[in-house]
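Dropping the structure in here first, questions after.
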Amino acid sequence: MERFVGTFIRWLITPVVLVLIAIGIYHLLKRLGWKHRQAMGLSLISPWIIGFLSFIAFPLVNSLFLSFTDYNLFNKPEWVGLRNYQWLFTKDIEFWPSIRLTLSYAALTLPIGVLGSLILAMLLNRKINGVGFFRTVFYLPAILPEVAVALLWRLFFNSESGLLNYILRPIFNLFNMGKPNWFGDPKFVLPAFVIMSVWGIFGTNTVVFLAALQGVPRSLYEVAELDGANFLKKFLHITVPQISPIILLQIIMGMIGALQVFTVAMFVRPTSAAGKFLNQLVYERGFTQLHMGEASAIAWVLFIIILLLTLLVFKTTPAWVYYEAEAKR
Amino acid sequence: MKKKLVGFLFIILVVSLLMSTCLGAQKKKVTIRFATWAGTDEAKELQEIIDQLNAKSQQYIIEQDSNPADYDTRLLTQLSGRGGPDLFWVSSQRAAQLSAKGVMLDITKMLASSKHEAANIADYFEASLEPFKVKERIYGLPWIEQPVVLYVNRDLFDKANVTIPKGNWDWDKFLEVAQKLTIDNSGKNAGEKGFNKSAIKQWGFTVNGWPPAQIFVWQSGGDIIAPDFSCSPIDTPEAIRGFKFYADLINSPMVPSQQTIRDRGFDTMFRNQQVAMFMGGAADNLENRVDFRCEVIEVPMGPTGIKSTFADVLGMGINSKTKNPKAAFEALLDLTSAIHQWKVMPPRKSLATLETMNKLHPERSQAMQNIINSLAYAQPYRYFENYPDWDNIFWTQLMDPIVNNQGDPEELITIVKPLLDEKLK
Amino acid sequence: MENIAQRSINLKSSKKIIGKVLIYIILIMLTVIVFIPFLWMLSTALKSEADVFSWPPDWIPKPVQWNNFVDAWRTMPFTKFLQNTLFVVLLGMVAELISETIVAYGFARFDFPGKNLIFVILLSTMMLPFHVTLIPTFVIWNKLGLIGEFDPLVLRAWTAWGPFYIFLLRQFFMGIPIELDEAAEIDGSSPLQTFLYVLLPQIKPALLAIGVFTFKGYWNDFLGPLIYLGNKEKYTMNIGMYFFLGGINEAPKWNYLMAMSTLIALPVVVLFFIAQKYFIEGIAFTGIKD
């Protein structure tokens, strides 16, 4: 047990220090003329700010700096200005295919992920026998080790003996086409990944929606039913507005997740003719080829893409996200 | 009473003195952190070796830190963040990179002044040291050099009435044998009339990017990277011939489709007797790990009689930031020498004799002569500092289309050669 | 009149029954899809090493190797790994739940200059691929002299290091009407009391969900333990499991790997099964929302 003592003591001290700092911040802000609630707010979030300043800010800024350098992980980074970006945008043979693959993947999977998990959550949000069993089963994909799931995909997508081609056979016959070679033929790599992403409907997303649906008051539906509203109307006018804050969250998280696919892609290893996902490219450039400068540049391009898309989504929120806390001010 | 007490105290004094000197001696030993990618069994065998060395050594205690998962990410993060192990296993591709960047300690001088048997550079096969050399300085030592050999299923050969080729055999003979061992559901082989291509139950050979195309290019007299690293001469007629032979093999009925290989497992198909010949590393020891009669022979030679095969070289290096370079160096020599007794093949001329190897690995007596023969002409790739950049283009632009998409080598080579040459500048 | 009313009720109830049957059919179909990998994992876990890649695959191994679980457990010091894992999970989960709830409360219920900017920065920390921040983070812990300890895995939990959970809790807090706070304040409760006794009960489902997520996060963490622990004494179960991946000339032991995966997945399954019971339709915690 000796091996736990040191960490445990430091783990006990850390929150005490954080609380003391928070109290200090509160008094400092009050003295600077902030209102009580303003000072209170900032001190409440101060633990995160401290964590950010001490552990995230440096790596973040550092990677931005490195994206303007030639850096091989071991020697001093050498400033090269915009050369990495210039190379990526104009000469790199892997960059644009990678951007195209990653963005198309995100565009195709995001709606499936958000809508699918919402519908599934609504199915699971009923008083039916055995619902606990179903909920647990549908959470399983989030628990299984990714290696196990990736292995299954390889069997499932096998063009000659996989289950998928067996199920889809009638459709192929209808269009008079052969069995697709899912991971070997560049045309089919993206569809294969989209089909795999359906898996993402289950698990975390559904649980989050399920938790959100708990907050929609039953009485609202009852009133609507008295007015003769059908399922669709209830869905659009009650469910969606009531859980819109969580839909917003799912869209943004889904976007971040889809644009950063990594583990499955590394394990399934489809033909590289279809391009690689951006995160794969970051890993290979950084850790296989030891060009951390280039890797950082790709990472920052990805970062900017995600940030812009997120801000865009946030800009639209006043039109459709309904916050109880704000609405009644 | 008093006497007894005095005697007792005296004994305590002596014992504690003895213990403190023992502890003191132990304190002088420094801890050497040693990172490897070994899995369960390998890590256990390695630990036995380490325990013996630790007991013997006055200088160091080696602490094994093994994990096969994500070795690259782990090692590079720790090394770059200056919290790396003192000693670590390294592939030859990485070794070329890390030596050039000064991450691995230059051990040239230490080697020259050491009398340890593993420090005798002249005893190593030239090819096995190449990845650890930059400008005639040495940055690490190889602990294994395993040539690619051909594992054959004797049961299937007998069933098809084919004798196992011995010694010098060429591509034509190889194709002939592979054809006879490719059999469809009705029992006809690929050379016979009425052979059904779409109902094959046994294949002569298997390729999925492994064995590397390099082997066949070398055998036909071509090269992949020029010896002076000036270009990639893959457009010479010899090289093209090698690539074509490779591509034709992949697209022939003698080799299962890539889908089938992915599905049933590359080496698993050989273990399950669905493939009759398999090229593998000499250390795979397949002949003792399958439940049929399996033998090891040399790979075929090229059409003009050139013998060549690939050698996988793995080694060990010292972190140049280590606090105890001397102890780490002793540990490196002792470990290297011990592993040479453990693995097939040791990259040392004095050990790679039939007599010595048969003594160390009596269970591999059938294979040993052929493995030793192969070692004589085996070579690693021509690694250089930015080899991974070159390799990325080579695999994604040239080999992947050939292996997965029936790409025509001749067409691809004209497009890919300039890209490869650029990475060599 | 009575008849018509009766009939419409019958119609309604038969419609309901059809609806229920339909839901069951869909759920069972989805269950089958979801179950396939789980069954495959379980079946691999029970196979002998030679049968793992038999073709065509057997779903029910013969013979069933129940001792794989025991053998796999004994191959490595998994009891020690379990202690380490429980230690990390407990410390991390507790610290994260507390700190993230407080920070999310701050973002949801208070206004102060720069709040929106800080929130965007918080979200943006999720947007950079982790591989480019791996090394600098390692350097920081190295400077603190805590490499090889559990600290890098758990200490930062106090600083609310899961932006997703903060975001999630913030959204839940913002879904609660502000009148609830105001009413409580009029009744004379302090902000702390309001937070603990009025708001927290409202977001219980979210807290439960996050409890499960963080538990799973620490339980399954891979890269952290791999890079920071650097000694078998301190390995967690998830890292220990990867020993079965084998090495250069050692084939992976898929059956052991899957046996350990199953064992590792079990506690999370049980935990979730318990937690989900509290997800009951229309909990409708207080009168205000109705």
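Order as written gives the chain letters A, B and C; numbering starts at 1 within each chain.
Heads up, the rule we're going with is that a contact is a pair of C-beta atoms (placed from the backbone, for glycine too) under 8 Å apart; a residue touches a chain by one contact, two chains touch by 3 or more.
Owing to the predicted nature of the structure, the values given are computational and were not obtained by experimental measurement.
Any chain that touches chain B and also touches chain C is listed here: A.
Note on interfaces A-C and A-B: more C-beta pairs are in contact across A-C.
Farthest from chain A, judged by the mean position of CA atoms in each chain, is B.
Measuring from the averaged C-alpha position of chain A to that of chain B gives a distance of 39 Å. Separating the centre of chain A from that of chain C, both taken as means of CA atoms, is a distance of 14 Å.
Shown for chain B are the residues in touch with two or more other chains, namely 73, 80. For chain A, the set of residues touching two or more other chains reads 73, 155, 161, 287.
Shared interface positions of chain C, i.e. residues touching 2 or more other chains, are given as 131, 135.
The touching residues of chain A, counted against chain B in their complex, run 72-75, 93-94, 154-155, 158-162, 181, 183-186, 271-273, 284, 287-291.
Listed in rising order, the residues of chain C touching chain A in the complex are 20, 23-24, 26-27, 30-31, 34-38, 40-41, 56-57, 84, 87, 91, 95, 98-99, 102-103, 105-113, 115, 118, 120-129, 131-133, 135-137, 140, 149-151, 154-156, 158-161, 164, 166-168, 171-179, 191, 202, 205-206, 208-209, 212-213, 216, 220, 233-234, 241, 257-258, 261, 264-265, 268-269, 272-273, 276-277, 279-285, 289-290.
Within the complex, the chain B residues that touch chain A are 72-73, 76, 79-80, 97-98, 101-103, 257-260, 262-263, 386, 388-389, 392, 395-397, 400-401, 404-405, 419. Per the touch definition, chain A reaches chain C in the complex via residues 3-4, 6-8, 10-11, 14-15, 18, 34, 37-45, 47-52, 54-56, 58-60, 62-63, 66, 73, 120, 123-128, 132, 134-145, 147-149, 152, 155-156, 161, 202, 204, 207-208, 210-221, 242-243, 245-246, 248-249, 252-253, 256, 260, 262, 278-279, 282-283, 286-287, 292, 295-296, 298-300, 302-303, 306-307, 310-311, 314, 323-326, 328-329. Chain C contributes residues 53-55, 75-76, 131, 134-135, 138-139, 142, 147, 222-223, 226-227, 230-232, 239, 242-253, 256 to its touches with chain B in the complex.
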